[in-house]
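In what follows, structures are represented as structure tokens.
The following pair of complexes shares a single chain, subunit A, combined with subunit B in the former and subunit C in the latter.
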Partner chain A sequence: MMELICPAGTPAALKSAIDAGADAIYCGFNDETNARNFPGLNFSRDELRKGIALAHARGAKILVAINTFPRASAVEIWQRAVDDAVSAGADALILADIGLMDYAARRHPNQRLHVSVQAAAANPDAIAFYAETFGARRVVLPRVLSVPEIAEITRESACETEVFVFGGLCVMAEGRCSLSSYATGKSPNMQGVCSPPSHVAYEQTTEGTTSRLGGFTINRFGASEPAGYPTLCKGRFSTAQGAGYIFEDPVSLDATTLLKGLRDAGVTALKIEGRQRGRAYVESVVRHFRHALAALGSGSEADIASLKPFTEGQASTLGAYRKTWR
Partner chain B sequence: MQLSLGPVLYNWAPERWRDFYFRIADEAPVDVVSVGEIVCSKRSPFFAPHLPAVVERLQNAGKQVLLGSLILVSLRRERRQTEELAAAEGVLVEVNDLTCLRVLAGRPHAIGPFVNIYNEASAAFHAARGARRICLPPELPLASVATIARAVPDVTIELFAFGRVPLAISARCYHARLHKLAKDNCRFVCEKDPDGLLLNTLEQQDFLAVNGVQTLSHSCANLLGDAGILRESNVGSLRLSPQDCDMVAVARTFRDVLDGRHDVAGGHRRLAAAYPGVPFSNGFLWAEPGHVYRGARPGAA
Partner chain C sequence: MNDPSAASPGPLPTIPPLLAFAMRPLPLLPLQLVLAAVLQRIHRHNPAMFDRLGDHARARFGIKPTDLPFAFVVEARSPRLSVVRDLPRGLDARISASLANLLALLEGRVDGDALMFSRELVVEGDVEAVLALRNAIDDAQLDLATELSALFGPLGAPAKRAFEAARGRVIGSPGQGEQLR
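So, the complex of A and B:
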């Protein structure tokens, strides 16, 4: 049975995820060391310790994401996060930076390490590098791969593989994108934010709504159209070759219908994106995938309840997993 | 301060690509030239026949030649290609994806701007495993650059100093998507845009440029006015990234300003004349949005 890995941005969401049937919950500290560094989100040291105690009492695991790239001259902030997560009893650390992995592997040789999607290990050679050099036990695969590619990588992989099945969809290689910092000065790699709310503005006119990020127009909506959040790579732009959603439509990933393929591919764990989302999201999405996995295990038809309310722009895609564009 | 020329990122006609490097070899005052198709593995076969002659011409002209690896390696043939490259003898490989590191196994190499090195610990890790040159990610601010350069004094630290700034790489090809083609049957439509396909906002603000699977800035990085402070910060090399313009003139301008034969203001005018109509940017260096341009500061070259 594949493990279900669920997000928690707050202790309340963590408890909801456990109640809904998560095998493991991933979370981060409330600072720039994690890639969902939003105000009011994430865990203090004390909250993490309590969360781990609760999870362990309920038979669930806690994975701590320390997955931004440490700022030069401040590396010890990230190293301390590693030390504190280990001493709190984290079941695994999810790391992206090579220097930090090196530190964790030396300082805490018995600690289980996972390679974050931000590390962009997209093939068996890169995965083998992380497994051989740092003893990494699992790699979170980029969302740019198709199911057959995932199967091939997993077959050759020197460690377990984990894939995203639901939530926000990066169309660029994760951990290798500076679009957000080009427009706003804030980047996923450095500040743990992409297209941050602090740089978002909406302008209402009689013709509709214009959304901007860092002063750049990301989209324009008619008066009757719902105005979506201006995530940079999901915007509408104009080129000599035509205008529209040049990179990707404003959709979320939903791989519910691909679970069998992912299981047959040998994938160890399924990940739900969304540490920035509320309890209702966590509870509904986790429960949905718990049912789908149970149905998969018993060979019956999965009851695919609609997760539409939880998807971006109320639309979902199989993403790269089914490469219609190849 | 060295000058280096980054690899051509765009899909130029092969003969034009070859002649570009021949002219660089003969006329451009650059010390290091990184060559090879690093953006899209489908383009590589077009340049491969010309590569030996280009490398030879550059080396005969006294340039150090680096062979760049693919930025995003996923297919089996891309892995094989990367492995063969990393095994190459007699020439320094420029690593653009960690896939290479296993094969390199500690042999001397260079690291390109597509490998995430954000701090001194990561730089030291790579230095200990054979990195001799590191071109840092373009989004790094000066404070980080200085700290890293101090931490690895034996490594030549390079910064992306001219050209549209590479911002993202994807498995998906946006040129193909725009032309309503599948990636596997793309007809190499990216060749129509030798300087990138400009992408504007719906309100016609200049914003980005599309180059197949790669997304770059619309603006052109220009660290000419920052060269003085970069030199003080132990940056040892400035990278010029080829655009569809007179790159020999660009290289001469940088060399002249670095050597004190021209002032920065005159250098800017020459760069603007060589690459007209494209705004400059250096915001990343000053911890501002990357598209911002801040003029020369006190103490600049």
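So, the complex of A and C:
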């Protein structure tokens, strides 16, 4: 049975994820060391210790995401996050930076390490480097691979693979995208904020809602048109070929229908995106995939509700898992 | 604690326009006194929620139920709440949604991002402050029936049952459905 890895942006969401059947919950500290560094979100050191105690008492694991890239002048912030997560009893650390992974491997040789999606390790050679050099036990694969490619990589890889099955869809090479940095001066990869809310503005007009990021108009939604996140990669732009979504439509990944293929590909764990989402999202999406996995295990048809109400733009996609080009 | 999976599926009901119209002449002060007392109680019992707000606890939020003829101005740091006919200028942020969606958000029964996607929630002004408020509230696991009934002293138990029944009609009851959004 594949593990179900679920997001938690708050202690309450962590509890919701456990209640809904998560095998493991991933979360981060309330600072720039993780890639969901949004206001009011994430865990203090004390909250993490309590969350780990609760999870362990309920048979679940806690994976701590320290998956941004340290600033050269402040590496100790990231190193302290590693030390604190280990001493709190984290079951694994999810890391992206090679230097930080080296620090963690040397300082805490018994600590289980996972390679974050932010590391963009998308081929067996890259994965082998992390496994052989730092003893990484699992890699979270970037969302740019098809299911056959995942099967091939998993077959050739020296460690476990984890893939996203639901949630916001980064269409860029994760950890290397500078679109938000360009517009706001703040980096998702270093400050942990893609489209930082301090730089987001919504304007209501008779035509609908205009969303802006760092002063750039990135979309305008009609009054009843479903909306998406204010990210440049899902902005609507005017070009010589006409106006539209250049990079990606505002949609969420939903790989519910691909679970069998992912299991057959040898994937170890399935990840739900959304540490920035509320308890209602965590509860419903985790329960949905718990039911889907149970049905897959028993060979029966899953009787589960649609997750469409939770999706960006009220629409879902199989993303690169079923690759087509336009 | 409420169950976040408990809200009923599908869009939540709105106040009928005729009923909203009939509420227009009602005095606002009694409602303000009750809601301000609830806010004070939440403030006393949920210090972590205000920690999560950080510097944004100083922000002045305007909250407009789109199906009611009045609105609320809330400051977390003081804490202070006033009921107004129209939201004033100079607020840090404005949040608009139906009363049912606002109540469901307060109890963490709906996902704020999903309401934004479906255009049932409108945010203007300081988006960072709104996000901090949303996350702080979601973590607090508020139960409005408990908070309101606590004002009724010895009559708290029957008051809570009445509030729970009213809540069930507006945003659903525990076990009624598995997901809203």
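Here, the second predicted complex is superposed on the first by the 318 of 326 C-alpha atoms of A that agree within 3 Å, B and C clash if a C-alpha of one lies under 4 Å from a C-alpha of the other, contacts with A are read in each partner's own complex, and residues count from 1 in each chain.
One rule holds in what follows: contacts are C-beta pairs under 8 Å (C-beta built on N, C-alpha and C of every residue); 3 or more make two chains touch, one makes a residue touch a chain.
Keep in mind it's a predicted model, so treat the numbers as computed, not measured.
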Partner chain(s) touched by A:G319 [first = subunit B, second = subunit C, both, neither]: neither
Which partner, subunit B or subunit C, touches more subunit A residues: B
Partner chain in contact with A:P39 - subunit B first, subunit C second, else both or neither: second
Which of subunit B and subunit C A:F216 touches, first, second, both or neither: first
Which of subunit B and subunit C A:D97 touches, first, second, both or neither: first
First, second, both or neither for A:E203, with subunit B first and subunit C second: second
Doubly contacted residues of subunit A, that is, touched by subunit B and again by subunit C: none
Subunit A residues within the subunit C interface of the complex: 9-13, 16, 20, 38-41, 196-198, 200-204, 209, 221, 223-229, 250, 276-284, 287-288, 305, 307, 309-314
Subunit A contact footprint on subunit B (complex, rising order): 71-74, 76, 78-79, 82-83, 97-99, 101-103, 114, 116-126, 137-140, 143-145, 147-148, 165, 167-174, 176-179, 182-184, 197-205, 207-208, 210, 215, 217, 283-284, 287-291
Footprint of subunit A on subunit C - complex, ascending: 3-5, 7, 9, 52-54, 56, 108-114, 116-119, 122-124, 127-136, 138-141, 178-181
Interface residues, subunit A side, partner subunit B - complex: 69-75, 96-100, 102-103, 119-126, 128-129, 132, 142, 144-145, 149, 152, 171-173, 175-179, 181-185, 187, 189-190, 210, 214-220, 233, 235-243, 246-247, 320, 325-326
